[in-house]
Structures are given as structure tokens and as C-alpha cells.
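Presented below are the structures under discussion, each in the form of C-alpha cells.
First chain A sits with chain B, and in the next complex the same chain sits with chain C.
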Partner chain A sequence: MIRILGSRLLQLILVVIGIGTLLFFLVRVSGDPALAIAGSDATAENIASIRQSLGLDRSILEQYLSFLQNLCTLNFGESYTYLLPAMPLILAALPNTLYLSFVAFLLAIVIAVPAGIYAAVKRNSFSGKAVMSISMLGQSIPPFVIGIFLILVFSVWLRWLPSFGNEAGLSIIMPSVALSAVLMARYTRLIRAYFLEELNRGYVRTGKSLGFTNARIWFKHILRNISVPMLSLIGIDLGKFVGGAVIVEAVFAWPGIGSLMINAVKARDYPLLEAGVFAIAVMVVLLNLIVDLLYLYIDPRIRAKVN
Partner chain B sequence: MSQSNGKPIVEVSNLDVFFNTTQGKLHAIRSANWSVSQGETLVILGESGAGKSVSVHAATGLLPGTAEITGSIKFEGEEILGGSEETLRQLRAEKIGVIFQDPLASLDPCFKVGAQIAEIFTVHRGMSKSEAWAEAVKLLDSVQIPDPERRANQFSHQLSGGQRQRVVIAMAIALSPTLLIADEPTTALDASVQVAVLELIKKLRNERKMAVVLITHNIGVAASIADRIAIMYGGRIVEIGDTKEVLQSPRHPYTQALLASMPKIGAGASKRLVTITGTPPSLATIPGGCAFHPRCTRAIAKCSDVVPEIELNKNGSLHSFACHNPEEAN
Partner chain C sequence: MQPKMAIGNLFLGSKIASKIAPNGKKSYFLQAGPICLFLLAIASILSFTANLWVAQDPGYQDLISRLKPPFSKVGDLNYYFGTDQLGRDVFSRLIHGGKISFAVGLITATLAMIIGGALGLIAAYFRGWQEAIILRVVDIQTAFPFLIVAIAIVSIVGSGLTTIITTLVIWLWTPFARLAHAKALIVKESEFYKAAISSGRSGFGLVFQHIVPNVVGSMMVVWTFIVAQTIIAESSMSYLGLGVPLSTPTWGSMLSEGRNYLENAWWIALFPAFAIMLTVFCVNVFGDWLSDRIDPQTKKI
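Coming up: the complex of A and B.
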């Protein structure tokens, strides 16, 4: 238990420093924020003074050291574009991102579990194969394409749902569907495959010999057993999932970290970008920690090893 | 231990089982007849692939959907063949207990063994969780698991092979079935544990007056528990009769060869086993006539042409065999 927490903490530190460093150098070779801030008709002195005020006139090593210092104090300075401290901006957007991610993830699981089991049980019939074809399709379309498609149909054509922002309660529907589609399709296929494998296991035979109904065997025993490999996959997927969230937020102008980050990239808003990456890295590591703990809870063999 | 006079529990007659496979229709069981009564133990012996498991599971409804079954299977006098999946499920719940060969694979790795037993009582007896748990602990005690309270709280991977098999036995007898099916219940266990598990099955059979059908590869096991023995070869029952008669005076040449080739319980590796020459036939290529004739030392011309019928109850004898040129009775 303590070991798991410790190793995740170490991972967190390494991930934050690693990604932060990578990002630090990447944004600095990508262009000069002073140019972006000053605008097209700025004089050379103008630009120079902006650079000085931002501390960009210092050597790259000095800048890097102060960046590391920022990391330790969680103070990334003021956003160039919003002229406000970067970290609070990110923290204010965080609940929206978590909300969207959570709903999308829940949606994926709630649909994929019955769909996967259905596809497994009805594997030889047309309807079971149809589920597989649809999920194949869903898995191969990128989230932003699904997002644009949804906007065209439900906002532009049917005018049922708002196409951007998070003002109305219904606003969550389209972004979460767009974000969850790939995951939903992927999990449907995986759950089907795992389920078929489990059907041949001895405990299933035992359940049948005890006169348990199929529903009990499927939803209580098999589901519990496949949640072990599913969890490890979910752990691997989390990073990708956050990447998808950034894109989807941009498509729907969802007021979360993703939208902030995309704007920050465009404006070369280093402090905001750094704070955002920091927040996302922490989020991913924390989610992985939750997956680890769930693992302990679900798989008694692992629990026995840890204790 | 001789023929009991209890009421018949299962009566199988003219049973044929086919499997629809990609290679065509396989004829796995051919006109099998067997029965078992209350308190009686029937042991089925035979080489791997002879059809022992299939012929037994035709009666439990646990064969896969590709199986086609014809003939008649009566359970406590009622025909169950052609019955709905739901009837068979209820039959398995209330009347039939099954012990499978591999005790680790038979248990769900994700649940405590106590919870797995308790589930039987909550589902089929409508007990509350705590009542069912108490009942599970009692049951573990009755299958002679020491410290049952603690064991109930463990997972299957924390138990030894013998303990796991006891848990599986406990689950099989939880609802006091009238029929206990044990498909090689001791094969995966150490020799010393085999004896103990077998003794437990015997004890439970006597206490609960269950009919038992036990499949094994071990003559010692058969000799120690069987009232009657059936020998299977190539999907057919080739000899069936009282334990003593079949073991001491086998009439079918295959039975004789099989008995000479099988390990005895407790016997070390020192005793050389006689192997039967040739290999058992695969279902797709079962020879015509008597399936055993290519390997048989007593084969005569007729054997390759005419399938020898098993003559049940001929002259009132309970010892029957299917052979044109049987061994002398001794």
C-alpha cells in the first residue's frame, strides 16, 4: 500500500519534470511570445522591453532554472494573454474538464459493458455482428470528426443542442459523446473478446452446474473477472483519453483546460502552458493511482501479494 | 456394497450423442444404456476420448449447443431429454451435484470460497447473506476442512489442491442432490489426498443416500467405491456389471487389457503397467464392426463386420458385455 503510493509519487515527480522540461524546450524553439504579444507594427525596442519584462532576455539556462523553481512552488507566473496568475486560471477550468472526462468515461463504460456482452453472447447472429461492425467504425473515426458531425446534425440541422460552451445542462451531451465514442467502441470489442475467453473457464461451468442463471454468471462472475484486465487497459488509456479531451474541448469551445491550452499554444503563453501541462500530468498520475487501488480491491491475488 | 434396491435416479436408454462440427457430424456416444439408483455408485472406466464425460453430461444438460442427443434419459422417472433449458437448470440446482476434475479452475478466483458457497444458499434457498455464510461455514466443516471459519474467508489460490477439491465437493452437495456426478474428482491430486477425498465422497454418499456416478482412470478408485462398473470404448459401453464380477472376471478383451494397463491407487511406479497396443480410435475414424477389433488379441472374422450388441440382463445376469468372442468366465 505505502509502496504503491510511494512509487506513484515518484512517478508523478518524474513525469512532471520530464514533460515540463520537454515542453519548456519545445515551446522555446517554436517561436517568440514577445512577437505575438507586441503585434505586427511593434518597434524593435518595444519587443525588447516586452522580452525583458517577461524575463525572456535571460539565458536559456537561467530560464530553465526558474522554471524548475516554479514547478516546486507551483507558481508559474502570470499568463501573457490573460494577465492573471496562470495556476488559478487552470484550476478554475479544471472542474469543467473533469466533468466532461468523467461523463464521457462513464458513458463509454455504461454502453460498452452491455454492448460487449451482447456481442459475445450473440456472436453468431446478425445483431451481434452488427454491434461489432458499428464499434469497428466508431473506433476508426477521430473524436473531432465525430464532434463536427454531431454539431452539423444536432445543432445546425435539427437545432436541438447547443454547439458550444457549457451554459445549458444539455451542453455536456455532444462533447461527451464525441469524446467517449472511440473508447466506447474499443471497450465494446475488448469486453467481447475477454468475455468469450471467460466463457470457457471452469468457474462458468461450475456456475451452470449449480443451476445459476446465465444473467448471474455473466454479470456477477464473468464481469468481475474481466474487470481485472479491463482495469489495466483503462490505466493505459487514461493518457490518450486526456489527449482526446483537449481536442474535443477545442471543437466544442468547452471551457476546460483543453481550450485554455490550445489558446496558450497559439499565443505562446508559456506560463499558462506550463501550468496546464502540470495540472494534466498530476491528473493522469492521480487517476492511475485510483486504478491501482481499484486493482487491489478487485483482484484478491494482487491484494494477497501486497499485504 | 452390492446392488442396492433404492429407487432408480437416472435411467439412460439408447442414448446417442452427436456433435455438429466443422468436420461434419461426429457420433460420440452410441446406443448407451446405464442407470444408477439411490445410494448406489456407478463407476465409468475407459481410455481418454472414450465418451465418459459426454455420456454423463448428456444427463446434466451441460453439453454445448452443438450436441445433438437422442434416446431417453429419465431422472427420477421423468423424461428430461427434450425438456427446456430452464427445466434442466432447475434440475441442476436442486437434484444434481457435479464435481469436476480440476479443483482450481472450478472456483471463481475473484470471490472468497465462503462467498461462493453462500451464494448457492442465497440464490436457491432465499437465505440472507449472514444465514448463508453461517451455512457455508457449516458445510466446509462437514467436508472436513479444518478451521472452516478462516478458510471461508480465503480465496481459492490460498488453499491447497485437496482443500480446493473439498470446497468443490461442498458446493456440489450444498443443496442435498439426489445424484452426485464426479468427473475424475481425484486425478489432479496427490496420491495421499486422493484417498482422503475418495473416502469423503463415500462417507457423504452413505450419509445422504445419494446416487453417485464417478468417472476415473484408476482401478483402485473404482474398486474401492463402485457398486457397478461400466467400461467404455469408442463411444460404446462394452461391458457393465457388478464391481466384483467385472474386476475379477472381465469378459470383454478390452476390459481385460484395460485392467492390466491401469494404475492402482497407492501403487508406486515400481509395478510395470501393461500397455494396450495401438491407439484408441478418434471419433471420425472409428473402425467398422467392433471398434476394438484392430487392437484385439481375440478378434475373429465376424468382429470386423458386425457390431456386437450388448445383451442386457441376459438370463437374468447383471453382468453384460458386447463381444463375439469373449474371455472365459472364471
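Coming up: the complex of A and C.
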């Protein structure tokens, strides 16, 4: 238990320092941030004073050390565009991103589990194959393309749902569907594959011979056994999922970290960008930690090994 | 239970079991693999030769005929897919836009395969600290949303074809490294490899003659899926305005321009959306087909 926490913590530190360093040097190499802030009609004195206030007149090593120091205290400086400290801005947008991701993820699981089991049980029938075909198609549409299709159908043609922002309660529907579609399709296919594997196992035969109902065997026994490999895949997918969330937020102008970061990119607002990347890194490592702990909860064999 | 499935499980792993139904019939999509490859070949040839046969210049703005619906005719010009907000021909932009998607997809996946494959082989051949470092990096990168970092890098360094390909290669070499490493370790356990060592072979000759041929098949399978991922990543970055400069048409940038005109000009966004979807779909179906031919176990790694 402590070992898992420790190794994740180490990973967190490595990731944050690595990415922070990368961003730090890229920003410094690509040009003088002071010029970008000052604008094209600034005087040399203006630029010099901005350089001084940002600490850019010190040596690169000094700058890097103070950057690391600020990283530890979560101080990324003021956003160039909002003129407010960058980290609180990101934290204010975080709940919206978490809300969207959580709903999308839940949606993917709620649909994919029954769909995958159905496709496995009815593997030879037309309907089972249809589920597989649809999921193959679903896997091939990137989230922002699904977003465009959804907006076109439900906002423009049917006029049922708002096409951007998060004002009405219904606003969550299209972004979460767009974000979850790829996962839904992927998990349907994987659950079917794992499920078919498990169907041949001895414990399924034993359950049948004891007169258990199909539903009991499927949901209580098989589902529990396939949840371990599924979990490890979920852990791997988390990164891609967060990447997808950023783009979906941009498509639907969803007021989360993603929209904030895309605007920061366009305005070359590096403090905001660094704070955003930092927040996402921490989030992904923490989610991976939760996945690790879920293993322990689900599989007593792993629990025994760790203890 | 059905003996055929049990045997499938025993020898070939789960993928075959899921693909071959107990009556031995293959699933419907697998048959479409070669057709998809053919369609992709046609589409990419049409894109790369667009200069030769598409009459309209993709960048030509005709502000008088803005937002014309599909199949409009202005003078003697046919706008099959309509025109966009600047009066540019959507059909022409769509065909020309394919160039970037196909080129980035093929080049990135190939470079990532070469670099990732080499690093994976180094890790497996030397074990030791080389392995520790390479696998550690792979682990961290796999778990991290690298698209975010790619966005940050491109925004700082400035967009352009080379930047995009470089960042995507930095992102996508890891699956190849993981796979090459895993496969090479299996080869190292085999009798023929030990025989080769005991007959005095070592270094490059050993790796290229005995390990590489046994790794290449599965690498090709993963390569196709990475092509699909790259096309998605490139169009995502173009959508966000971080792709190649806007003067070059890409499907992603067309989509993002069309996003603002969905209310009155659906065709600007819909055609590139279909183009991305169908291309990725075809690559995936072909990849599925290939994986069943070459290497049924690999896809999950």
C-alpha cells in the first residue's frame, strides 16, 4: 500500500519536474516573453522594465532555480491575459472539467458493459454483429468530429440542445456524449473479447451446473474477473481521455481547463499554460493512483500479494 | 464447449477467439480489409495528384460567391461541395487537405516505428540501465496526456509541418518501443537465438538477422493503428489552430472554420468531418484485417 503510494508520488514528482523543465526551456529558447507581453510598439525602456519585473534579466540558471521554487509553491505567476494569478484561474475551471470527464466516463461504462456482454452472448446473431460494427465505426470518429455531428443534428436541425457553454442543465449532454463515444466503442469491443475468453473457464461451467442463472454468472462472476484487465486499460487510457476532454471543451466552448488552455496557447499566455499542464499532470497521476487502489479493492489476489 | 474456440484460446490468444465465431465464420468487417486498403490508396493518390486534376485553386477566394450550397454553379464553375465563408471551393480544399493528413500519418508513423523499434530493441538487447531508462520513459509517457504537452510545445515553438511531425513522433514512439521490447525478449528465450549466440554471432548481425525479422510483422500491425491515431491527432491540432499554417488547407482547420457556420452553411464542416471519419475507419478496418493475418495476439499490447 505504502509502496504504491510512494511510487506514484515519485512518478508525480518526475513528471512535474520533467514537463516543467521542458516548458521552461522551450519558452526561453523560442524568444523573449517580454517582447510578446510588451507588444510591437513598446519602447526599449518598457521592455527592459518588463524583463526586470519578470526576472528575465537574471542568469538562466538563477531563473531556472526560482522557477523550480515557484513550482513547489504552486506559484506560476500572473496570467498575461487575465492579469490574475494563473493557478487560481485553473482551479476555478477545474470543477467543470471534472464534471464533464466524470459524466462522460460514467456514460461510457454504463453503455459499454451491457453492450459488450450483449455482443459476446449474441456473437452469432445479426444484432450482436451490428453492435460490433457500430463500435468499430465509433472508434474511428475523433471526439471533435462527433461534436460537430451532434451540434449539427441536435442544435441546428432539431434545436433541442444548446450548442455551446454550460448555462442550462442540458448543456452537459452533447460534450459528454462526444467525449465518451470513443471509449464506449473501445470498451464494448474489449469487454466482448474478454467476456468470450471467460465463457470457457471452469468456474462458468461450475456455476451453470450448480443451476445459477445466466445473469448471476455474467454480472457477478465474469464481470468481476474481467474488471482487472479492464482497469489496467482504463489506467492507460486516462491520458488520452484527458487530451480528448481538452478538445471537446474547445468545440463546445465548455468553461473548463481545456478552453482556458487553448485560449492561453493562442494568446501565448505561458504562466496560464504552465499552470494548466501542471494541473493536468497532477490530475492524471492521482487518477492512476485511484486505479491502483481499485485493483486492491477488486482483486483479493493482488491484495494478498501487496500485504 | 466448442472445441474450436478452446483451441483458438490455447494457441492464439483472445483475439482469434473473439474474431472467429464457433462455427468458424469470420466476422463481416474482416473481409473488408483489402477493400479499405484499396480505397485508401485511391484517396491518397487523388489527394497527392490534386494539382493535376482539381481545376479550382483551394486558396482562391471569390467573395461574391460566398457560402454557396453544394452543387451550385457560378458562371462555368461547378461547386460540387459548395463554397466556404470566403468563397473558396470546399471540394478543392477537401482534396488538397487530404495531402497533409496522409503525409503526416504515413511519415510520423514510419519515423515513430523506426525510432521506437530501435529503442525497444536496445532495451531488450542490453537489458541493464538502458532498459531501465527506456521503459521508465515509456511508462511515464503512456500514462500522461501527451497531446497536452504537444499542444504546449507547438504553441511555444511555433506551428509548422516539421514541428507537428516531430512532436507526434516524440509522442507515438512508445507503443513501438514497448512492443519491440516485449517481442525481442521472447525471441531471446528461443532455441534458435541461443544457437546463434553459441555459434559466435553478436551485435548488429545478431539483432538484424534473428530479432528484427521476428518483430517486424507485429510492428506493421501497430503501425497501421498508429497511422489512424496520427491522422486524428493532426486533425485535432489543426482544429485547435496549432497545425500547419492556415494558408494550407487541412481537414481539421476546415472543420474548425465550419464550426462557426453550422447554422447556415453545414457543408463547410460536414464534408471534412466525413473525410476524417471515413479515412480513420478504413485504416482501422485494414489494421484489424492485417492483425488477423499477421499477428493475432499483438493488438492489445
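Note that the second predicted complex is superposed on the first by the 268 of 307 C-alpha atoms of A that agree within 3 Å, B and C clash if a C-alpha of one lies under 4 Å from a C-alpha of the other, contacts with A are read in each partner's own complex, and residues count from 1 in each chain.
In this text, a contact is a pair of C-beta atoms (placed from the backbone, for glycine too) under 8 Å apart; a residue touches a chain by one contact, two chains touch by 3 or more.
Since the structure is predicted, the reported quantities are computational estimates derived from the model, not experimental observations.
In the three-chain model built by superposing on chain A, chain B fits alongside chain C with no clash.
Looking at the shared chain after the overlay, A:Val145 reaches chain C, while chain B stays out of its contact range.
Within the superposed three-chain model, A:Gly243 lies in touch with chain C and out of touch with chain B [touch as defined at top].
By the touch criterion defined above, A:Leu210 reaches chain B but does not reach chain C. Within the superposed three-chain model, A:Arg301 lies in touch with chain B and out of touch with chain C [touch as defined at top].
After overlaying the two complexes on the shared chain, residue contacts for A:His221 are found with chain B alone; chain C is out of touch. Contacts of A:Tyr194 after superposition on the shared chain: chain C is touched, whereas chain B is not. The superposition places the C-alpha centres of chain B and chain C at an angle of 80 degrees about the C-alpha centre of chain A, rounded in steps of 10. Chain A has more of its residues touched by C than by the other of chain B and chain C.
Taking every C-alpha of chain B against every C-alpha of chain C after the fit on chain A, the minimum distance is 5 Å. Shared interface residues of chain A (contacting chain B in one complex, chain C in the other): 205. Here chain A touches chain B in the complex through residues 201-203, 205-213, 216, 221, 224-225, 228, 298-301, 304, going by the rule given at the top. Listed in rising order, the residues of chain A touching chain C in the complex are 11, 14-15, 18-19, 22-23, 26-27, 30, 123-124, 129, 132-133, 136-137, 139-142, 144-145, 148-149, 151-152, 155-156, 163, 192-194, 196-197, 199-200, 205, 235-236, 238-243, 246-247, 250-251, 261-262, 265-266, 268, 270, 273, 276-277, 280-281, 284-285, 288. Contact residues on chain C toward chain A in their complex (touch as defined above): 1, 5-6, 9, 14-15, 17-18, 21-23, 27-29, 140, 142-149, 151-153, 155-158, 228, 232, 235-236, 239-242, 255, 258-259, 262-263, 266, 269-270, 273, 276-277, 280-281, 284-285, 288.
Residues 60, 62, 89-94, 96-98, 100, 102, 104-112, 119-120, 123-124, 155, 157-158, 168, 171-172, 174 of chain B are the ones touching chain A in the complex.
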